[in-house]
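Two complexes, one shared chain (chain A), two partners (chain B, chain C).
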Partner chain A sequence: MADQNIQRLLAQRSFTELGARQRARALLDAGSFRELLDPFARLMSPWLPRQGIVPQADDGVVVAKGLIDGAPAVVIAIEGAFQGGSLGEVGGAKIAGALELAAEDNRNGTPTRAVLLLETGGVRLQEANLGLAAIAEIQAAIVELRQYQPVIGLVAGPVGCFGGMSIAAGLCSYLLVTREARLGLNGPQVIEQEAGIDEYDSRDRPFIWGLTGGEQRHASGLVDGYVSDDVEAIRSELHGLFAKGKPAQERSRRHAWFLQRLRAVDTAVQADAAAVRSAYQGA
Partner chain B sequence: MTTAQQQRGLHWFQALAGDAQPLNDLPASLRVADAELAGQPVRYLAVITDTSNPFPRARDGEVGLLEGWGLAQAVDEAIEADRDKATKRALIAIVDVPSQAYGRREEAYGIHQALAGAVDAYARARLAGHAVIGLLVGKAMSGAFLAHGYQANRLIALRDPGVMVHAMGKAAAARITLRSVDELEALAASVPPMAYDLDNYASLGLLAEVLDVEQVMQPTAADLTRVQAALGRALADIADSPRDLRNRLGAANRAASAQVRELLRAQW
Partner chain C sequence: METLSFQFPAGQPAKGRALVGCVGSGDLEVLFEPGQAGTLAIEVVTSVNGSAPRWQLLFERMFREQQLPALNIAIHDFGATPGVVRLRLEQGLEELNHG
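And now, the complex of A and B:
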């Protein structure tokens, strides 16, 4: 028994340790990976150099076409190691443009599906309003594409998914997280800045993971799957969800259910993890 | 005083909606009413201050948990009610939102998902053939604007220093980018997408129109007529256009956004 566990652990391949390009390659069927606008296209941020920041040749976003479980797919991976996975004009346009083309494929009879690997702090503040505009377009494209095929989001960590892209995550047909993941609208530092340290202590990591970490989000029904940090486990989860097809109703359409639950919350007391799990029981 | 505390959104809502009775099954921080504009049915939607909001971090007009899901409900009801109608009512988001709500309760209960609810509803309304217009009368900040206005077919802004689109307030943006507020302001002056003023924002090509008004906080009769005329023009324009957001891609200051799409299509 112990031997088997050791064998299994040895066979595991960590997903979170991979960079964006390797992650996209790992999720597409073997030999089917084809990157679009790769680093040799040298499409870089026009806004970073004039602020003394070195741009990156893919602007931190990898768009790869290929097959998932034999079906046409596009995997869009954000590189958390470049500028915190923040989205500027070019990276944002790569994501929006790829989702728009996937929707167009579907209208023309090719059932292209999409996976979003979300490792991002949200808008890149050095390109503020162009990042925000791009995120609005990414959100529009997710809602459009998911009419035809599931759009699956995965937050693996370590950066997590914040800002406008957490809203995009909330629009996905299905959302997966690992234990390393965090998912929330506002980054801890921003909340502390805006609301004070008593409201949110950005240095208190157990507190932050306890409220916004993958395990808590799964236990509260705010995501669809809690996966281990293992390439094969994640691939098989994706195959299962794509085989299942579109959900009966996306989470972002359940306003009646959420409003009913939120109206029953005692907001006089500060929130904690247990209260959220209890309020959202049966989600 | 913030633009929301000036109740710009409420005042413009009252002026535009006139005698129309606001819907009453929504959170108190929302004003939603059905009326007519240019002979067409429209639904006006505004987020307003609510000093007794049960969520204390959402009392100054911020878009929080109840506001996100409430907007979703108000928009979704219009989609359902007009499902089989040839003429679908237009949705006019009156935008005066200082920010999303920043707080522990908000993160814990999933404010991102509440805002996704609103984005979802506005985007589906647009795809279903409802004309959606965002009318910017005050602040249009970050996640709050994404949830209320940014999915519109057309964005119209009033020309006023209080009308402002941005991703983050200055103090927090300075902290996150490891700069002083002075440094941030100096950069904002030379990098159009970082700027906080409306003219720089307009240079990004995201606005259909910028309007001059006499009293931005409390519209005069002439202001109302001018804004109604602009909304009417936008409705006519939308009727002849695709339902997507392509119309935002023309500006020189957004050239890369168009170029990326062109090259992606070539390699697709």
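And now, the complex of A and C:
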């Protein structure tokens, strides 16, 4: 038994430990990876250096074209280690542009599918309004593209997905998470600052993951798949969902049902994981 | 934040390009591209002010041991220690040779 566990662990290839470019490469079919606007294009944030912050050559966003399970695909990966995966003007435009081009490809007869690797705290505060505008464009582009082909979001961790990009995640045809993932509109420290430490202690990791972690979000029906942190497991989950095609109805189209559930929540009582699950499941 | 430039003698232009690292806490990103024959040109953008002498010494020590091909090296540094800088440079040079 112990021997089997060791063999399984040795065979496993962690996905969360990979950087954005390695992640994109790992999900595309072998040998098909082709990066658009790679780091040598030097399309960098013009705003960060003016504020004394060192920029990154790809502005923290990797756009890769290639094949997934033999079909044309674009994988967009955010680098969580650079400025917390925050989205500014350039990185945001790269994502929106890539999704818009994929929609255009679909209209021109190339059924291009998309995967978004979300590792982001949301808008980059140093580029506030431009980042917000870019995120709005990303959201519009997801809604446009998902009419043609599934747009699959994956939150692997460790950063998680917050802010405006959590709304973008909610607009995806399918959303996948790992145990390490967190998904929420506001990050823990923001909520603690607004609600007070008695209500929300951002340093209490079991509490934070209990409410916003991948397992909890899956149990609450807010995401479609809960995958292990393994490259092969994630690839096969993606292949399965793409083979299934578009969902009958996107989660974001079921907003009326969700609003009804949320209206029934008693906010006078401190929420815990079980209460949140039953609120969303209606149990 | 400051921008620093360095030049060292070098051999013939390198054949390819390479990218290593990330502008994350305690790390750096290094881009290697073929340069002008005989010149190794390095541009460093670093979050640590007043670090020019440290970079100079680090490069001198490293290039004393090996003659490099002509390269334009761009570094985006987010507070990497000299040990990390050296590892990233060695990693990039290895990728250039075997990429």
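As a convention for this text, the second predicted complex is superposed on the first by the 276 of 283 C-alpha atoms of A that agree within 3 Å, B and C clash if a C-alpha of one lies under 4 Å from a C-alpha of the other, contacts with A are read in each partner's own complex, and residues count from 1 in each chain.
The criterion applied here is as follows: contacts are C-beta pairs under 8 Å (C-beta built on N, C-alpha and C of every residue); 3 or more make two chains touch, one makes a residue touch a chain.
In this text the structure is predicted, and so the values were computed from the model without any measurement.
With chain A as the common reference for superposition, the partners chain B and chain C occupy compatible, non-clashing space. The angle formed at chain A by the C-alpha centres of chain B and chain C is 110 degrees to the nearest 10.
Once the two structures are superposed, chain B and chain C can be ranked by residues of chain A touched, with B on top.
When the shared chain is aligned, chain C comes close enough to touch A:P55, but chain B does not. Once the two complexes are overlaid on the shared chain, A:T267 sits against chain B while remaining clear of chain C.
In the superposed pair of complexes, A:L28 makes contact with neither chain B nor chain C. Judged by the touch definition given at the top, the superposed model places A:E79 against chain C, while chain B stays out of reach. Of the two partner chains placed around the shared chain by superposition, neither chain B nor chain C is touched by A:L18.
Touch criterion met: A:S166 reaches chain B, while chain C stays clear of it. Of the two partner chains, chain B is the only one that A:V276 touches; chain C does not reach it. In the superposition on chain A, A:Q189 makes contact with chain B only, while chain C stays out of contact range.
In this overlay, which is a superposition and not a single complex, chain B and chain C have their closest Cα atoms 14 Å apart. No residue of chain A touches both chain B in one complex and chain C in the other. By the touch rule above, chain C contacts chain A in their complex via residues 1, 17, 19, 22-25, 27, 29, 31, 33, 45-47, 74, 76-78. Listed in rising order, the residues of chain B touching chain A in the complex are 54-57, 65-66, 69-70, 72-73, 76, 99-100, 102-117, 119-121, 123-124, 126-127, 142-143, 145-147, 150-151, 165-169, 171-173, 175-177, 187, 190-195, 201, 204, 206, 244-245, 248, 254-257, 259-261, 263-265, 267-268.
Taken together, the chain A residues at the contact with chain C in this complex read 19, 39-40, 49, 52-57, 79, 81-83. Against chain B, the residues of chain A that register as touching in their complex are 36-37, 41, 43, 45-47, 50-51, 63, 65, 89-90, 92-94, 96-98, 100-101, 122-123, 125-137, 139-140, 143-144, 147, 163-164, 166-171, 183-187, 189-191, 193-195, 199-200, 211-212, 217, 220, 222, 250-256, 258-259, 262-263, 265, 267, 270-273, 275-276, 279-280.
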